[in-house]
Amino acid sequence: MIPQDILAQDNEAHLPALKADYEALGAHLARRGIDIGAIKAKVAAYKVAVPSWGVGTGGTRFARFPGEGEPRHIFDKLEDCGVIHALTRATPAVSLHIPWDKAPAADLRAKAEELGLGFDAMNSNTFQDQPQQPLSYKYGSLSHTDAATRAQAVEHNLECIEIGQALGSKALTVWIGDGTNFPGQQDLTRQFERYLDAVRQIYARLPADWRLFTEHKMYEPAFYSTVVQDWGTNYLIAKELGDKAFCLVDLGHHAPNTNIEQIVARLIQFGKLGGFHFNDSKYGDDDLDTASIAPYRLFLVFNELVAAEGKPGFDPAHMLDQSHNVTDPIESLMLSAMEVQRAYALASLVDRAALTGAQEANDAIAATQEMKRAFRTDVEPILAMARLEQGGAIDPVSAYRRAGYRAKVAAVRPRSVAGGGGIV
Amino acid sequence: MIPQDILAQDNEAHLPALKADYEALGAHLARRGIDIGAIKAKVAAYKVAVPSWGVGTGGTRFARFPGEGEPRHIFDKLEDCGVIHALTRATPAVSLHIPWDKAPAADLRAKAEELGLGFDAMNSNTFQDQPQQPLSYKYGSLSHTDAATRAQAVEHNLECIEIGQALGSKALTVWIGDGTNFPGQQDLTRQFERYLDAVRQIYARLPADWRLFTEHKMYEPAFYSTVVQDWGTNYLIAKELGDKAFCLVDLGHHAPNTNIEQIVARLIQFGKLGGFHFNDSKYGDDDLDTASIAPYRLFLVFNELVAAEGKPGFDPAHMLDQSHNVTDPIESLMLSAMEVQRAYALASLVDRAALTGAQEANDAIAATQEMKRAFRTDVEPILAMARLEQGGAIDPVSAYRRAGYRAKVAAVRPRSVAGGGGIV
Amino acid sequence: MIPQDILAQDNEAHLPALKADYEALGAHLARRGIDIGAIKAKVAAYKVAVPSWGVGTGGTRFARFPGEGEPRHIFDKLEDCGVIHALTRATPAVSLHIPWDKAPAADLRAKAEELGLGFDAMNSNTFQDQPQQPLSYKYGSLSHTDAATRAQAVEHNLECIEIGQALGSKALTVWIGDGTNFPGQQDLTRQFERYLDAVRQIYARLPADWRLFTEHKMYEPAFYSTVVQDWGTNYLIAKELGDKAFCLVDLGHHAPNTNIEQIVARLIQFGKLGGFHFNDSKYGDDDLDTASIAPYRLFLVFNELVAAEGKPGFDPAHMLDQSHNVTDPIESLMLSAMEVQRAYALASLVDRAALTGAQEANDAIAATQEMKRAFRTDVEPILAMARLEQGGAIDPVSAYRRAGYRAKVAAVRPRSVAGGGGIV
Amino acid sequence: MIPQDILAQDNEAHLPALKADYEALGAHLARRGIDIGAIKAKVAAYKVAVPSWGVGTGGTRFARFPGEGEPRHIFDKLEDCGVIHALTRATPAVSLHIPWDKAPAADLRAKAEELGLGFDAMNSNTFQDQPQQPLSYKYGSLSHTDAATRAQAVEHNLECIEIGQALGSKALTVWIGDGTNFPGQQDLTRQFERYLDAVRQIYARLPADWRLFTEHKMYEPAFYSTVVQDWGTNYLIAKELGDKAFCLVDLGHHAPNTNIEQIVARLIQFGKLGGFHFNDSKYGDDDLDTASIAPYRLFLVFNELVAAEGKPGFDPAHMLDQSHNVTDPIESLMLSAMEVQRAYALASLVDRAALTGAQEANDAIAATQEMKRAFRTDVEPILAMARLEQGGAIDPVSAYRRAGYRAKVAAVRPRSVAGGGGIV
């Protein structure tokens, strides 16, 4: 982990500048009628979950280039997640993927407790074949033509719930790769009927205090059609299932040019926003680091979320879901958690009354000025101060590098094998 | 109109080849177990409406280049529509746009009857300012912040219903241009609430035997957000309104790469497919001639429609909606009506039992072969024979040109003014 | 125009906050080793041209909703441009469009001089029919099949050069709407050969100290193919023509998801970047206000431009090109000019040595941190101070509204007619 | 392989229908003034190469679901390719991928000769790490910041040439995965300079009778920028290198909505079209079966190719490049080879003189009618007859299934392991 003295040293080095910046920002915000302390308190309370698989190096169908000290199993992964939370104080929960992360519940709970972590939504896996699930998902899982295969997929999801209950999780996220690669390969309607029938069986066994999140995606791994292709279909699912079913929005799962924040607004309005898989994308489901490509888009999503704060039943889940192909995953996840908090802080700066006034007056210039004024504020001092005050790092990447964590774990974790073998 | 002797001459010239082609195709289809006569009967019964505005030359924000003999008013337009139907026998109904096509109902009915035409869905216009509707729609219509403007837009739609009732129409199509050009310009949720409230008032006054079609569109004329942006929102509207409300699908109103046929399948499954605005597109709402860019996509849409034939309550409306910028609109509309019939005929050739068998067996190769076998059949002889037997032209464009219709009307209709004046 | 006392009042109201913000920012930048004065000097020297047509309300093919006090002619337009420059001190040049802006050169020069304005690149118009150019451009201009029509288009461009010479302009921008709406409508190769032949004739008559800018665009007004569809074709044109020919980049003229900054980098590398038409877009050529949708993208473009500063021959032209459909065009253009300067300032904050170091070390995390650190800095105080010191407004929109300019001109300029008439 | 008697049986079953269809088509084409024999001769002479890696089951970053009897090594792959050619008579050459297909040249030549196969373009691999190339390509290959890594990549390409020379290949195809995942990760210009420098070294060692094909791709595996991102950059490369360098066009490597046939036309016009990687796509580089999604688009590409026949220096290479995730790869490749031939046949039916006439007259209706008339002709009898006359199968999939080839090889080739392990 990160030695406290090294963290202290690193913070000390950054503290004078932070103090000056924080003070100046406080004065500036005060001139705008905003209390910096209130924003800092909001940021401090804002958390985002980390996916267990995110701490391993990602890859593409062409290749995977592993980094040093890759986690060997869920306990290594939890340790890495612990580092992220220790430095950012933003990621107290980990989202597990079954069967990848299977382990005795007591051991998982103990390890998590040791690291100050808890468990977020459970993720099932019916997009890959696994020895534990002998029937193949090559042609689908919950929507498969074969009833036995569908039953196996349902069973697997129920097992995920069971595991999650033992860990204190309160939600199941269902993402399937089902779809087709050829027009005509499946009847699009019957395929969806089979899916609905199967997911209803999962929903029927959902504990009373759990939520079910379904996730839509336009394409990949299927390349002609996807069963849960967009928010329209996702909404229909959540509606068919019932009050504990909600839609999950992954920022990279949409058609080009889609106005994602409007989808978020619609789902909020109709009571079906379950939460987010945060990441960024330029082309498709690129799974790039959050806000690395389009930070204003993320801000606009958070503008909807902040506007909905306090609305009855509004309680979205937040998780990062990224593929770290060329960076140290811990660094990427720390920065991404900070970007989520940044977007939240920026959206919290919007003067809602002024914005509403501009909207009612059809004064688009005043409206855009209000939005941009909030967005261009540099809230880094607020985020850093919130981290520091909770025991984290002013500059998490700096502290992490100074601590030499990666080299330390590389010394005990054997080098993992480069991947990619002819999938082109 | 088209003199009968000229039509007869033209048909005579094409008849020998048609007979030979039809006979050969009949023999070929018989080998595939398909009765050519049954397909021909289906095609003969298949009709598609023509939009009144489609017979004028279209344009872009940059310019409009009018053709010869542009229709001056709705009666000229009806005459042009009459030509289209006379030659194709595929377009017996015209869809009117109010206020563009306002005229005494009796006169409209008389003219239509004379031409063998009826009236399809009514279209309201709240995307342009009109002297009859003094409040401006610059900032929206049914979703406007101002209650009086919304009321005006509702009134206008009710007037369209009233006009339509006098003409025998049975549906109202509502497309609005409402949206925003800046993030923050409007609250996306409140804007949609206002829309829902207004459209409910229209729905409340819909005659018992009418249907209300709402149309979604991703963008244009608004370029950041559109109130009814996609089928997800459109479905919510139809659901909120009730059993007489349905979603209209325009083939050019979707995000890039969208699987449109899947949307059609979903709307059919959930009982909300209202109908189509047929056209084609490569980039956006290009309003190109039907099937001119992606004929296989149109076939796939019709594959869903043919598969749904006989399903209770399944009764979609069909209309062309195109912008003819560089062609004689009559020629474009004739060809497009034929393309719609062609797609219908091709989809009717799919061996549904064989396709289902391939699907159940997860035999994607057999499935794609069945789809492509149907698609690559040249059904032109079927279409031509169906036209001929109903009194139309074997080759409508040929007969139309031979008749010199355009030159004749150009002699009596003054040249219209070129458009475009600085909208860049 | 804007009374000096009102401007002074408005500046006085904003000055205390500006001083405090500027001082705090200076201290912050000093901690990062950056001299705020140097950045301010760069910003003060950075100018962007305004298009004459931009001060009128824009529209779409569906409608145009004119605002109050629309400019009636080029002299009104120049007056509006003068206001923009007076308040922002960022837009000393106006780009004319012929024939829209035709007027005696002496009058134009006198009016411009009075307003402290000059003339930027000339724009020809062969995408609309005009009485002065009797042959129609319905089927193309410089690439038309008809030699006489091509000759007319060449002549018109030569006239634009002539007019520009009398005004002190030094560049001609050629954008054509030529293309096709149907596969097969034209032979794509012969069409481009005709274009090249025609544009060579224009180039041959280009004054020695002029530059020729050609502009590419993916689609609209043509919807199947465009003659100059992308930067690849645009580069071929500039290469074929010679050393005075360069490529113009409009931010909205690209395919979805295109990496525009990489195109900018390539054109710089191969010596063919002519300049920019700045605006923003979400879907197509939306012509939205600069940086209103994707401010980070604009920053990335400027990151390439700042990196190329000092490179021999690097001298791109900058112009705004937007369609102001729902705002006061003067306000939009002021904000947009400021956004261009903002992007320039932000890109100037990037520590090039640190960035290069991260790049050489393949340290993507350090690289993205450096980019984001620059981007999230709030440089508004620098822009405002630069404006103030040059005699402009701290807050141009505030001063403009306080001055009541729009109401004043509305009193003397008659209301223009709402547009849109059936182009759907 | 495929027993001759089984092939004969299968052909016999299909022969009567084929004869009747061929005769009817011949009569129909004769009425259109087209000699069916001439088209058949063109088709018979038209060949397309098969990629060695295409006969294995493909996959995505999420999973790979292997089929029965997967080829274990290049000799199994060649055997599978031999089946494809035996039945289609369309694929006499195989394109190898190094190091995947490394084996003694004499053995490869002997095996190929036995199967009636030859060797097409060689493909290098610098997008994966390989034991033979110890330096990692994680951060790039030919454009890597490290000179030694670039040198290794150059060396590898030279080795591919050497191997190819021993096999009778005449071309090297260079596709790299180089790019970035973050804005700022690399300097876009320096990265391209390094690439150019490296590829020049390869080009310098290209045998006199070889061609170098470079391939562009918009994204994947890099997701912010790609070094060779589009045809513009690809053209610059080919131009920089010299007369033996050409651009390869993969149908799935473009931005959404791109007009690919226009790119083909431009590359032909400027003498730089190297050839194709055929496949189809709906969303990105989906690598779906050729013409399974957009058959008219493929026809339009071939319309350009047929129009260029006979042009000096015009000699494009043709290869399939697909990922067969849910089908038997042999079946997919057979159908795809047939689709390429179909598109060629259809484009050969276009009456060039009539099309040119319509173009010169700006008669878009006549032009689109000519294009569609060719496209909708069912040329399957021509393709089948050409296959039969060359000793292939009338219906290759039918004959292949009847022969039970897959079951036979599955009996001797052990089941390959399912892939996918955490790359999400």
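Lettered A, B, C and D in written order, each chain numbered from 1.
One rule holds in what follows: contacts are C-beta pairs under 8 Å (C-beta built on N, C-alpha and C of every residue); 3 or more make two chains touch, one makes a residue touch a chain.
No experiment lies behind these values; they were computed from the predicted model shown.
Novice: Can you list every chain that touches subunit C and also touches subunit D?
Specialist: Per touch definition, common to subunit C and subunit D: A, B.
Novice: Could the interface between the copies subunit A and subunit D be described as same, meaning over half of its residue numbers are common to both, or is it different?
Specialist: Mostly the same residues form this interface, as more than half of the numbers used are common to both chains.
Novice: Using only Cα atoms to place each chain's centre, name the chain farthest from subunit C.
Specialist: When every chain centre is compared against subunit C, the largest gap points to D.
Novice: Just how far, in Å, is the C-alpha centre of subunit C from the one of subunit A?
Specialist: Here subunit A and subunit C have centroids separated by 39 Å.
Novice: Roughly how far is subunit A from subunit B, centre to centre by C-alpha average, rounded to an integer in Å?
Specialist: Subunit A and subunit B have C-alpha centres separated by 42 Å.
Novice: Mark out which residues of subunit B touch at least two other chains, giving numbers and ranges.
Specialist: 138-139, 180-183, 185, 218-219, 224, 256-257, 259, 282-283, 289, 292-293, 296, 326-327, 362, 364, 368
Novice: Of all residues in subunit D, which touch subunit B in the complex?
Specialist: Per the stated touch rule, the residues are 17, 20-21, 24, 27-28, 31, 256-257, 259, 282-283, 289, 291-297, 326-328, 331-332, 335, 342, 362, 364-365, 368-369, 372, 375-378, 380, 397.
Novice: Over in the complex, which subunit D residues touch subunit A? Could you list them?
Specialist: 53, 56, 58-65, 97, 100, 127-129, 136-139, 177, 180-183, 185, 218-221, 223-224, 256, 281-284, 286-289, 292-293, 323, 325-327, 418-424
Novice: Within their complex, state which residues of subunit C touch subunit D.
Specialist: 138-139, 145, 180-190, 192-193, 218-219, 224-225, 229-233, 235-236, 254-259, 261-263, 265-266, 268-270, 296, 300, 303-304, 307, 355-356, 358-360, 362, 364, 367-368, 370-371
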